[in-house]
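Same chain, two partners: subunit A is paired with subunit B first, then with subunit C.
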Partner chain A sequence: MWFWVFVGPFALGLVVFIYVPILWSVYLSFFSAYNTVTPSRFVGLGNYADMLADPAFRSSLGTFLVFAAFIVPTTFVLSLGAALLVARTRVMQTFFRSVFFLPVACSYVVASLVWKMSLFSGVASGVANAAIGLAGHEPIPWLSLTDPPWYWLVIVSARLWLQLGFFMILFLAGIQRINPVLYEAAAIDGARGWQTLRYITLPQLTATSTAVLLLLIVNAFQAFDEFFNILSTFGTYPPYARPPLVYLYYVALGRGQDFGHGSAGAVILTAVIAVVALVQGRAMRLGRED
Partner chain B sequence: MAVVAKRPQDRAAAAVRYTVLVLAALLFLLPFALLARNALTLDQDLNNPEWHWFPPTWAWSNLTDLFTNPELPMARSLVNSLLIAVTQTAGVLVLSGMAGYGLARIPYRWSNAVFYTITATLLIPAAVTFVPSFVLVSTLGWISTLRGLIIPGLFQALATFLFRQFFLSFPKEVEEAAFLDGLSYWGTFWRVVVPNSLGFTAAIGTITFIQSWNAFLWPLVIGRSQEAWTVQVALSTFLTAQSVDFGQLFMGALVAIAPLLLMFVFLQRWIVEGVERSGIGGD
Partner chain C sequence: MTLPTSRLSRRHLLALGGSSLALTACGSNTGRGDSSPSGGGDGDKPALSQWYHQYGEEGTQDAVKRYAAAYPDASVTVKWDPGDYDQTTAASLLTDAGPDVFEYGNGPSIDMIKGGQVVDMTDLFGDTVEDFNASTVARMTYDGKIWAIPQVIDMQILVYRKSMLEDAGIEPPETMDDLVAAASALTTDKVKGLFLGNDGGAGLMGGAMLWSAGFDFLTDDNEFGFDDPRAGEALAVLRELWTSKVLLLGQPTDWYDAAALTSGQCAMQFTGLWTFPDIDKALGDDFGVVPWPAMDGGEKSVPVGAYGSCVSAKSSDVDAAKAFAKWLWIDQTDDQLDFATSYGFHIPSRTSLIPKADTLTSGPAADAASAATDYGHAQTPILWTPKCQTAFGDAMVKIVKNGADPMEQIAAVKKVAEPEVKRVLA
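Presenting the complex of A and B:
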């Protein structure tokens, strides 16, 4: 059976390392499971009720919403803008494209180090503080202040820098697929810069835009690396600004090793993200019909 | 390229465009410049409130100190990261390449059912499954082992999906000629299909390598003991938990991104293609 010779090894691994853990986790979510993966005390939907009633869990969903509200529109607009600018550029096009794309090679850990200890370091030698110092402003402790919550600027700008190039490449690929005949026809009809953008380029990018929006939301939902590395100091994470995965990390893998509640949380988060994906896919498809 | 005579407002627009691009490019390069500057600055100079673009003293000693510092297991973590990234890349290419070919080309009654079972996992964000996967791996006793760090990451549904899409568009005539020459599916795949798919394979391979090298959450969860740290976990531990010599830490970060920057210079074409393919699902 040649089919299974080719597909079998992958399919087997997928079952063992994806399906089994997920089903096991659903099973665990109905039990009280501290420090054990073979629990005996069945608690029904108790873990789910606990999670939904836990203010910390709900606040982690709130943190995700705030984060998404910042990062999704800014990345979308700026990566589209960068793609449009780069696409219209003849001289040094490859150079500009490479520069904006380069951070894709950088890890979130390394970017967090630069953002935390150099760009937005709270001391006067930090770059942001040196810059506002030129205007005579006192240094700001960017990360330890909650009012105003400057840490959002640090978190959001780090991810923006890291992922903008990735989405710019997607938009550039979309722009290159637009049939040049459309632009020629528009030029004959007397369309100018903004009109061409509004009536040709953007409508032709609908499929790309849908994919980009979905990826941005799903990626924001899974944010962990930059929150964990920028905000925790001396091994402790502040009680605020915990996105879902950071919260889950501390519940399931912290001192308690509470796999029951951790699994219930993972199931709830999976459901949330699946609903987001479905609703968004539906909404964009409806949008395309008119 | 010949430039057509421009009206003054077009020239003004181009000037604005280039100004914006140059400023944005400088802003994008700034973090790299800071990383390089700090990596070559002595720890005590880093807190000097006086601004300087270049290190007051060039601290090349940071590099040698980094690799001789007994508290920061830099060499070990670099070896771990390299082992993990290389084996995961090779593993994903072989497993997903074969599976993608089987799904695209070998007729089988349940082929569609298998395909949907695989793509269904794309709906579940990988990072949300880290708790269940941790439970499994700890049951297997794979915590703090290379097995635990490598094997669960070998089964990438997205890569299989992309390989399948790619092989669906592979010219059938080439394979038919191979079958006429008496090659089986196995021989056709390895001797004819693979050698003609190296560009696509390079695109998926470079992206997989970058993701594997830069991965953080899974290595953090699994690599509990120091011997199992990847370079990202080692850097993070010293960034978040302990006070260290920051000149050395920045040098560590520079060493950690150096392989990827080199890849970027020489393989950018494949990385761009990999991003395009994986971002929009290859359709």
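Presenting the complex of A and C:
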């Protein structure tokens, strides 16, 4: 009885606002559903075929496989590194922990605007341009050029700044849970810094690492906020560095209200995330530890 | 024209089709009074709800409330939506919780019309239809019927610094060749000749380049309109400007803000009429305007757009809603003039009101207003759906930034646009 009193409202919310919409999207993906969520014309796998035949959608999926292959390991290594440094430091540990974590509290939209309009603004007084100006370089319009693709530098640096702290905290919690006895025993056996990391810290962090990797992969494919806010201009988004969700927003789910194709695209994206996550889980042998 | 609302979060997007479900579930605050037969309204007057997106200019919200309150034949509640207006409105039209009267950028979308979500407004105009800005009415017309009443006209035009042109001994450009030559002659170490947006005009100038060469997105029979080598040459002009490094790029605020021009970083900028008060303040009379020039076989042009007042087919009292829309946006010319000129800087959609607008009687603003009447082009035709526009935008970026072959890119757009237009017309 009390179980349902406490769990009920949450479970109900979950069903009504999460599960029903998800199932409804799957249902919509089999229909021609322009401007309606109660469509009547069944098109089978037609929407899926259209989306997969759309070169722009395929290219955005491809771009984001590459993006994930880059950003996942990079964020992983950097946040683990930050966690190890903060865990090791004896002075002002709380200070450093807070400093690294602080950006997590910043809105993606705000950070994107700061990156776009201040740090990487194309005028000579932008922070990045002022820095290269000291070396006598001409100002670069960072977000306008496609050759070389400087926009990746802007996006990746914004994303790392926003996300590192969060994953660092996860690693830090994992590191602090490791029993110090293990390190003492290893020290007695003569293990040095690198060996301790390789044979004690990393194996003990397997569960945390698995969770972090999974979150990073999902995050990489669901990228929207900082891309949209940095690269979109007045109702358009360039055909490069375009996340699948941004593409769906422009062609189907924004003013277009083409729920059939939009849902099909979203289901395809979900399937890609699920496959990548499964492969990663298998590779990490999910749940072997703990 | 509206600024894009960039507050859309990933969570909103993931709600997908569910967003409209959620709206039904929690859509109690619709701004519409209780329209059940027993209650609502005062006395026997019907209750109507009218929706607006959030206008940035101070005083607009009070003004529209004042207009609505003065309407004698219905009690009208104004809902002012600071959020993602286009999305919310489009989704709410699927439900019973939507508006009776609402504004929508360039009138209702073709899918709204085909889906029977909005009603035909043609009979409201009578003879006055001649008085409305022609290109705007055409943009809101489909199948011989007018689907919205243009509220107020916004436009974009080429603005130049008189002093910089004089110093360089250049006349304001009349032809495309003039413009290319002027952009180059005006470029110095410190100043770029022309600013067309941070993407070099890829997003903004595509339509204007087609019109310059005498083409359009679609022909009069709704066939694909620019599969022609001369259209390719027109689009390639933007690439030429890009590679010759006469375009200003990388501005903190894009073309819709006059900062690049007023700070002296460029000599010419394509921008909106709404920036004129800022330019005027910063430069005094040191600026002039010309329409986007023409190439051989084409015409000068300025893009115009207007929010159109539409009536939802799901309104509990369609006739009352139409009567209100007619009263405010056709009959109440004083309110229309007030709305166009007292807050933001716009052009009244009824041409006969333009001479009465103090803001538009002289100088560049007057030139711009007459250009909107003479050379106005709706930004995109009604059948040019977001899907077509995305394909076109992709092609433009590839042509301008990457130097892709314009004819190949036009073919790629055609491949998307032809079936899409057929789909819509079906």
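Everything that follows uses one rule, which is that the second predicted complex is superposed on the first by the 278 of 290 C-alpha atoms of A that agree within 3 Å, B and C clash if a C-alpha of one lies under 4 Å from a C-alpha of the other, contacts with A are read in each partner's own complex, and residues count from 1 in each chain.
One rule holds in what follows: a residue touches a chain if its C-beta (ideal position, glycine included) is under 8 Å from a C-beta of that chain, and two chains touch if they have at least 3 such contacts.
Note that the structure is predicted; figures quoted are calculated from it, not measured.
Judged by the touch definition given at the top, the superposed model places A:195 against neither subunit B nor subunit C.
Contacts of A:224 after superposition on the shared chain: both subunit B and subunit C are touched. By the touch criterion defined above, A:245 lies against subunit B and subunit C together after alignment on the C-alpha atoms of chain A. Looking at the shared chain after the overlay, A:35 reaches subunit C, while subunit B stays out of its contact range.
When both complexes are overlaid on chain A, the residue A:109 reaches subunit B and subunit C alike. More residues of subunit A lie in touch with B than with the remaining chain of the pair subunit B and subunit C. Contacts of A:20 after superposition: both subunit B and subunit C are touched.
In the superposition on chain A, contact is made by A:211 with subunit B only, not with subunit C. In the superposition on chain A, contact of A:179 is made with neither subunit B nor subunit C. In the superposition on chain A, contact of A:235 is made with both subunit B and subunit C. Overlap of the subunit B and subunit C interfaces on subunit A: residues 17, 20-22, 24-25, 28, 37, 109, 116-118, 123, 222, 224-225, 228-229, 232-235, 245, 248-249, 252-253, 259, 262-263, 266.
Residues of subunit A that touch subunit C in their complex: 16-17, 20-22, 24-25, 28, 33-37, 56, 109, 116-118, 121-123, 126, 139-147, 222, 224-225, 228-229, 232-240, 245, 247-259, 262-263, 266. The touching residues of subunit C, when paired with subunit A in their complex, are 3-4, 6-10, 13-22, 25, 86-87, 90-91, 93-94, 109, 111-112, 114-115, 117, 197-200, 202-204, 249-256, 265, 385-387, 389-391, 393-394, 397-398, 401-402. The touching residues of subunit B, when paired with subunit A in their complex, are 1, 3, 13, 17-18, 20-21, 24-25, 28-32, 34-35, 38, 46-51, 95-96, 98-99, 101-103, 106-108, 111, 114, 117-118, 121, 123-136, 138-139, 151-152, 154-155, 157, 160, 184-186, 189, 210, 213-214, 216-217, 220-221, 232, 235-236, 239-243, 246, 249-250, 253, 256-257, 260-261, 263-264, 268, 271-272, 275-276, 279-281.
Looking at the complex, you find that subunit A touches subunit B at residues 1-7, 9-11, 13-14, 17-22, 24-25, 28, 37, 82, 85-86, 88-90, 95-96, 98-119, 123-125, 127, 130, 161, 166-167, 169-170, 173-174, 193, 207-208, 211-212, 215, 218, 221-222, 224-225, 228-229, 232-235, 245, 248-249, 252-253, 259, 262-263, 265-266, 269-270, 273-274, 277.
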